[in-house]
Amino acid sequence: MIALLAGAALTFSGGLAALLAGRRARLAGALGAASASLGGALILVPALEVLRGGAPLTLTAQLGAPWGAVSVGLDPLSAWFAVPLAVLGAVGALYGASYLPAHAPASRTGVAWFSYNTLLAGMLGVLVARDATLFLVTWELMSLAGWGLVSFEHRRPEVRRAGLVYLAAAHLGTALLLSFFLVLRHHTGESALLTPLAVGSALPSVLLALAIGGFGAKAGLIPLHVWLPEAHAAAPSHGSALMSGVMVKIGVYGLLRAALLVGGGPPWFGPVLVALGLTGALVGIRMSITQRELKRALALSTVENVGLIVMGIGLGAWAAARGATEIAALAYGGALLHVWGHGLMKGLLFLGAGSVMHGAHTGDMEHLGGLMRRMPWTGALLALGAVAIAGLPPLSGFAAEWLLYLSLAGGGAEFTGLTAVSWLVVLGALALVGGLASLAFVRLIGIAILGSPRSDRAATAVESPRGMLVPMGALAAAVVGLGAAPGLAVGLQGGVLTQLAGPAASPPDLSGVSLLAAALWGGLAVGGLLLWALLRRGGVRSGETWGCGYASPSPTMQYTGRSLGQILAQGVLVKTMTRPEPTPLHPAPARLDDLLVPGLLGAVYVPTLAWVAARFLALRRRQAGNVHLYLAYMGVGLVLALAWATLSAGGAP
Amino acid sequence: MNLVLHLLLLTLLPPLMGGVIGRVRALVAGRRGPPLLQPYYELVKLAQKSAVISPTTSWVFLAGPVVGLTTALVAGLMLPLGAASAPLSFTGDLVAFAYLLGLGRFFTSAAALDTGSAFEGMGAAREATYSALIEPALLLGMMALVLSTGSTSLAALLGGGAPSPLSVAGAPLLLVGVSLFLVLLAENSRVPFDDPATHLELTMVHEVMVLDHSGPLLGLIQYGAWVKLTLFAAILVRLLLPLGWGPAWADWALLPVGVVVVAAGIGAIESSMARTRLLLVPRMLVSACLLSAFGLLLLAR
Amino acid sequence: MPHLATVVLLPLALALVALATPSNRLRPLLVPAAGVGHATLTGLLLWGAPQAAEGAWLGLDPLGRLVLGQVSLLFLISALYAPGYLALRPDRDNRPCVSMCLVFVAMMSLAILSRHIGLMWIGVEASTLSTASLIYFNRNARSIEATWKYLLIGSVGVSLALLGSFFLAYAGLSAGLETTLFYQDLLDLAPQLSRPWLRVALVLLFLGYGTKMGLAPMHAWKPDAYGEAPGVVGALLAGGLTSTAFLAVLRFAQLGLAAHEEALVRPLFLASGLLSMGVAAVFMVGQADFKRLLAYSSVEHMGLLVIGVGLGGGGTFAALYHMLTNAFTKGALFLSAANLHRAYGSKQVSDVRGALVRAPASGAIFLLGFFAITGAPPFGPFMSELALLSAALSGGRVLLTGAVLLLLFVVFLGMGRAVLSMALGPAPEATARDVQADSFATVAPAALLLLLSLALGLWLPAPVLDALRDATAQVEGRP
Amino acid sequence: MPPIVDPLLVTALLLNFLLLGSSRLRSLIRWIAWQGVVLGVLLAVAHGDHPGPRTLALAAVAVAMKAGLVPWLLYRTTRQDALRREVEPLLSFVSTLLLGGVGTGIALAFGSTLPMLPEHTTVLLVPAALATVFTGFLLMTTRRKAITQVIGYLTLENGVFLFGLTLSEAMPAMVEIALLLDLVAAIFVMGITVNHIYRTFSSADTTALSALRD
């Protein structure tokens, strides 16, 4: 436990030192990166140790007045989430060391590192906190550090807007969490996170509802996901990698912890989580297809994947509630494996996107293209990440979805009546999400990386330095490794599964997936050799791409990101193309904004807040600034109070 | 021995499908049509030709055909073709089957986009969107089989030992069968969804993606396409025909015949109707999904 | 062990000295001198823990000790700010400002120490009059208007308090007891006081001293006064005067509780607290002037304090703890807001852009102060608000907790939009008008106050904790 | 309470109505001075027939302040604003008078609910005090000029002081003098502020003072 806390302390102090290093950017970078990676290592060792079956670590300290007894612990569930935190934190730090100098003014590098390291330390704090006050403090510290990262490049107005939306969502989440812990403390008299409750009356439902709201706001569950796309697009790439890869998972961790605390929870908990998760997945991937900016598309894919994870947890809870432990183990196993898998893949993709923006100085897909030839390593790594996150076989994304499919199939077969039907419908929807995901990432890779460059910035793109490619390579290796041998990771889930689905649960067997991966890699090697042989024999000639004999083909003739997603956007699911109606009399400037995807934020939240603000403004006119009115208010207040005092007290002597 | 027979069937049978379809189309149109072994000749010819590669492309352009073929073959390994069970089978490999084809499709689309031509982009967009919409139909159809036989491994579902699904559940599986046939047509870009014989780039879906592939690359792609067609036909055959009652050689013989019959059916359909309007295709795909979903609901009740 | 009165007489003496000293440059130095003197005297008094002698005019009970300590510490740190600030305004003759500031502190100390209600009234009234000239420091049309409104509403409030004191005395008289205005005697006689007189007296006193606290509906002077007064005066008002008025309100709450009048005291406090928070929330959304924004934030936190007392038990402890944390955080905010006002030459939120770039130190303090005051954890206000909310919920008041959380969220949105738009973004190029950049003298006190708020959040030292516990016990009437 | 107190209280009530009704500033100051005198006499007479030297001195100081110093100060300030000597009311005179009447009625009703000491029961002291307070409040909220608001505040103070008479034993002399000094200080500061208002706005019309608003 001490090593863990030492890791967190080292990371935080490194960040602080980087902040104090002020103008000396290189020193700040070195300090921050070294402390983050070292801290990561210090966290990884005990986490793996606990996962491998070691006894859960606990530590209780008696602090001063406002804190009272503070207890800290690392059980398999926390350890499971600590591993991606450590890995991605360290890798992101190394990447940031060479990414930041080009993207951050020397004076503010310290701020970036302070935010990054505090985010790391805060997240670890949340994972190990075992009582309400420490949990809330580390949780808010994490949110504020996240805000530090999101509004790092605050010179751009959209970054500031993203920062404000992020803060509002974070504050709403914290308010809900505050009431969660207050209700908990009020009913059980103490606020330890470990002791499961006796199944009281309405208490579990209230607690879980607050938990879904509070943790969902941070995890990006469907109604509260509006801040996620803008925030992750605004943060520096290694920051958004950490936020997408790990911070949203901390929200999922909180949800699991609440479910554990309440002991499985009421019957509605599973289905609601499945519904929320699935809608989140569908909406997330649907929006991602029509996005134009690279990092926003990736952020929306995070919304989709978190949706899948929460759906997995919902399925697990649902099955556990009905006693089907084996199916619950499958579902929880799939969700937990996806936490690791998605952390690695999304981290790789965001670092790749950062490398693209480093090389081509823009994240807008419509200005990219042709990068595979100019930035071969980044292109290849991004392609690998895309294949993985679309859930396709040989890589790490497939195993988790495979487990989810198995649990759904098992549930469909075992349960009867409405439950079976709903599980099967969910299976169909999961298949649709899988298809849309591969469409989204074919679009991402095909438009941004392949083809010919659509702007001179893309044409003159240059490969990123080794300092950025090596961490991405490490993540890519992890993705391939997890894809080839998911059994290793799932083997470690023993402790967590027993916590979640009861002692009978055992980690599912994934030997088949490894078999498939081996067969596939072998087949690809043979196929490659065959093609190489054929091409060598037949010879290769270079010729212009077939353009129907058009005289002067230009890169702009290529398919664009929007057109690739147009079929979905237009007809099948949601109509988002808007045609401007030119005014009859004097022609007003008409504008075709074919990517007008208002999303929940633009369509719902902002108008309601604006309406409330307008009502407040109308109210304010009452205090019109002249002193007579103020005195009149005082008089009214006085008379009311006096009347109430004399009347309410009745005839008391 | 079974493994050798399985591999032989898997590698040699597919081009025949192409020949049969071509021949049936010709006969219906009153022509003699090309010889049955025409596709084999084409493959050999393409293997010797030299490939023309556009300067805008990268290694993804070359990887497209290879991944397409490999995924089809590996998926083939998972399907029980004859009496024996599939060489590569594990619980839940029906999901792997679907996602393997997804991987193949991912790379062919990426290869199409790599060339940087407007037509190939169009083809890639249509292909990816249509496959995304048809994916639920395939998986729900498979689920119907899972419900009727109880195991999630293809070998058990369609294998020799298992009683023929039709006899077990009858009517609902007919619905699923029709839906799987539609999936077959959509996945392999046959007529109602796409017209392989057209030369108008704007109207194609699958063919336009392979516009720029030439020589061995084109060969690999066509061979992969036929293997995929054979796989889907094999699923359909195992679904409809009861197996496992006769001697082993009968099962081994029954499959090629069944597959050829399915190819003839496809040829008949291709010559009897034209390609539907592009805007209507999503509607047909969704209806295929609903068909298999209803079939499943009837079973799950 | 110095006599209690020295705490009052020292600042008065220095005020006279200030009136006498001719040079405009030397006079501001008297303020920090008074600060140090006042702080040392207070330290000695608090250390020695003298018992309030029977019938004595001045005395230190646990409540008084807590408030005196807080006001003295705040004055010490704000006093360090004064010379730096006055040096920036050589054009203005600071004789009235310095002397009145010292009189103000003296009168506050008098009000805190007095054991006689009439004497306390005089202390509060005199502090009102002395701050009037402080608010008028900028000598422009807006500050004269602010002063007038402050004076008028303040005087009406205080005279209501006087009427309330007389009603209290008469309550004793009409119940046949010997009339007295000594606080200790009233406390002992509390149960026998005649009910109707006592109840009306409590209402009048609560509204009277509530006006000085700035509770709704008597809050209208606060935005004008804090908006127009210079930063250091704003800090002193928001941290000092409000705490003194809160002390008076607490004394009469204690009296009410001793007379078993919970049914009157608690609902009155809760209603007024919620109303204050509601009014503050309404006026903070879309507020154009950031000093008025801070004033409304002060109204909101006064509401929180009064809600705490209205809850009783843990709520009173949380309210007192919140009084400490809020005073220091509010002080830091006002001082840094003054720096920003000078750096940009305007108080409009729309004019201030990129404060982190143009005035990094004050901008950072202002931003961190915003996070602190809206309850971000490492800082003090989070801890006290957490204690307050858990007290509310343990009292079973779910609706109240929900309302408070909702209002806190609305306030966060309103204030967040303004502060973030000021702190972030590129800074416009500095025109000639706003030439006064940050200097050490103007930034250090604000940073010190913020650190104090952070310290209170992280760790409550034993003496402070005991002071809080004794004060709560005293108010709640437990021995 | 000797019987002489009642007529004095009635005159105080009368003065209230005169204050509400007067439309010229100078008459307003004259009535407020008379109210000061009535208050001083009441202070002297309130406790028994032979007032001690201390109360007499206190009464003298009170009269000097309320009837002498303050009206002279107010008179000096009004001289600056030579043009507008009238009292511009926000609410018409008639309605303020009516409100005054209603206020006094409420004060009477409210006074009766409070249990009085035997020797105070006959005297309508509490109602008179409350009525004066209400009149002061009314003057402040319905009059436009700053001077009238100061006078309103003064009437409010007189009302509070009137009520203070009942407690003359409870309040040691020193505190009473201090209270008196404080009131004068308040008037003094208000007077200075009114002068400054004149200098900046060249008129004491407080409705002009409405720049500070949200």
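Going in written order, the chains are labelled A, B, C and D, and every chain counts its residues from 1.
In this text, contacts are C-beta pairs under 8 Å (C-beta built on N, C-alpha and C of every residue); 3 or more make two chains touch, one makes a residue touch a chain.
Just so it is clear, the structure is predicted and the values come from calculations on it, not from any experiment.
Q: Compared with chain A, which chain's mean CA position is the farthest off?
A: D
Q: If you tally the C-beta contacts, which comes out ahead, A-B or A-C?
A: A-B
Q: Please compute the C-alpha centroid of chain B, do the same for chain C, then give the distance between them in whole Å.
A: About 79 Å, centre to centre.
Q: Would you mind pulling out the distance in Å between where the CA atoms of chain A average out and where those of chain B do?
A: 36
Q: How many Å are there between the centre of chain A and the centre of chain C, using C-alpha atoms for each centre?
A: Centre-to-centre distance between chain A and chain C: 43 Å.
Q: Based only on mean CA positions, could you tell me how far chain B sits from chain D in angstrom?
A: Chain B and chain D have C-alpha centres separated by 101 Å.
Q: Which residue numbers or ranges of chain B touch two or more of the other chains?
A: Not one residue in chain B touches at least two other chains.
Q: So which bits of chain A are touching at least two other chains?
A: Within chain A, the residues that touch at least two other chains are 620, 623, 627, 631, 642, 646.
Q: Where in chain D do residues touch two or more other chains at once?
A: In chain D, residues 113, 137, 140, 149, 206, 209-212, 214 touch at least two other chains, as defined above.
Q: Give every touching pair of chains, nothing left out.
A: Pairwise, the chains that meet the contact rule are A-B, A-C, A-D, C-D.
Q: Please give the residue numbers of chain C that touch chain A in the complex, ascending.
A: 148-149, 152-153, 156-157, 160, 194-196, 199-200, 202-204, 206-207, 211, 217-218, 220-221, 263-264, 268, 282-283, 285-286, 356, 371, 374, 376-378, 382-383, 386-387, 389-390, 393-394, 396, 401-402, 405, 408-409, 412-413, 416-417, 420-421, 424-426, 457-462, 465
Q: Across the complex, what residues on chain C touch chain D?
A: Result: residues 116, 118-119, 121-122, 125-126, 129, 132-133, 136, 140-142, 144-149, 151-152, 155-156, 159, 162-163, 166-167, 169-170, 172-174, 179-181, 194, 196-197, 200, 223-224, 227-228, 283, 287-288, 292 of chain C touch chain D.
Q: Considering the complex alone, what residue numbers of chain A touch chain D?
A: Against chain D, the touching part of chain A is residues 620, 623-628, 631-632, 635, 642, 646.
Q: In their shared complex, at which residues does chain B touch chain A?
A: 47-60, 62-63, 65-67, 69-71, 73-74, 77, 88, 90-93, 95-96, 98-100, 102-103, 105-106, 109-110, 112-122, 124-126, 128-129, 131-136, 138-140, 143, 146-147, 150, 152, 201, 211-212, 215-217, 219-220, 279, 282, 286, 289, 293, 296-297, 300-301
Q: Okay, in this complex, where on chain D does chain A touch?
A: By the definition above, chain D touches chain A via 90, 110, 113, 137, 140-142, 149, 206-207, 209-214.
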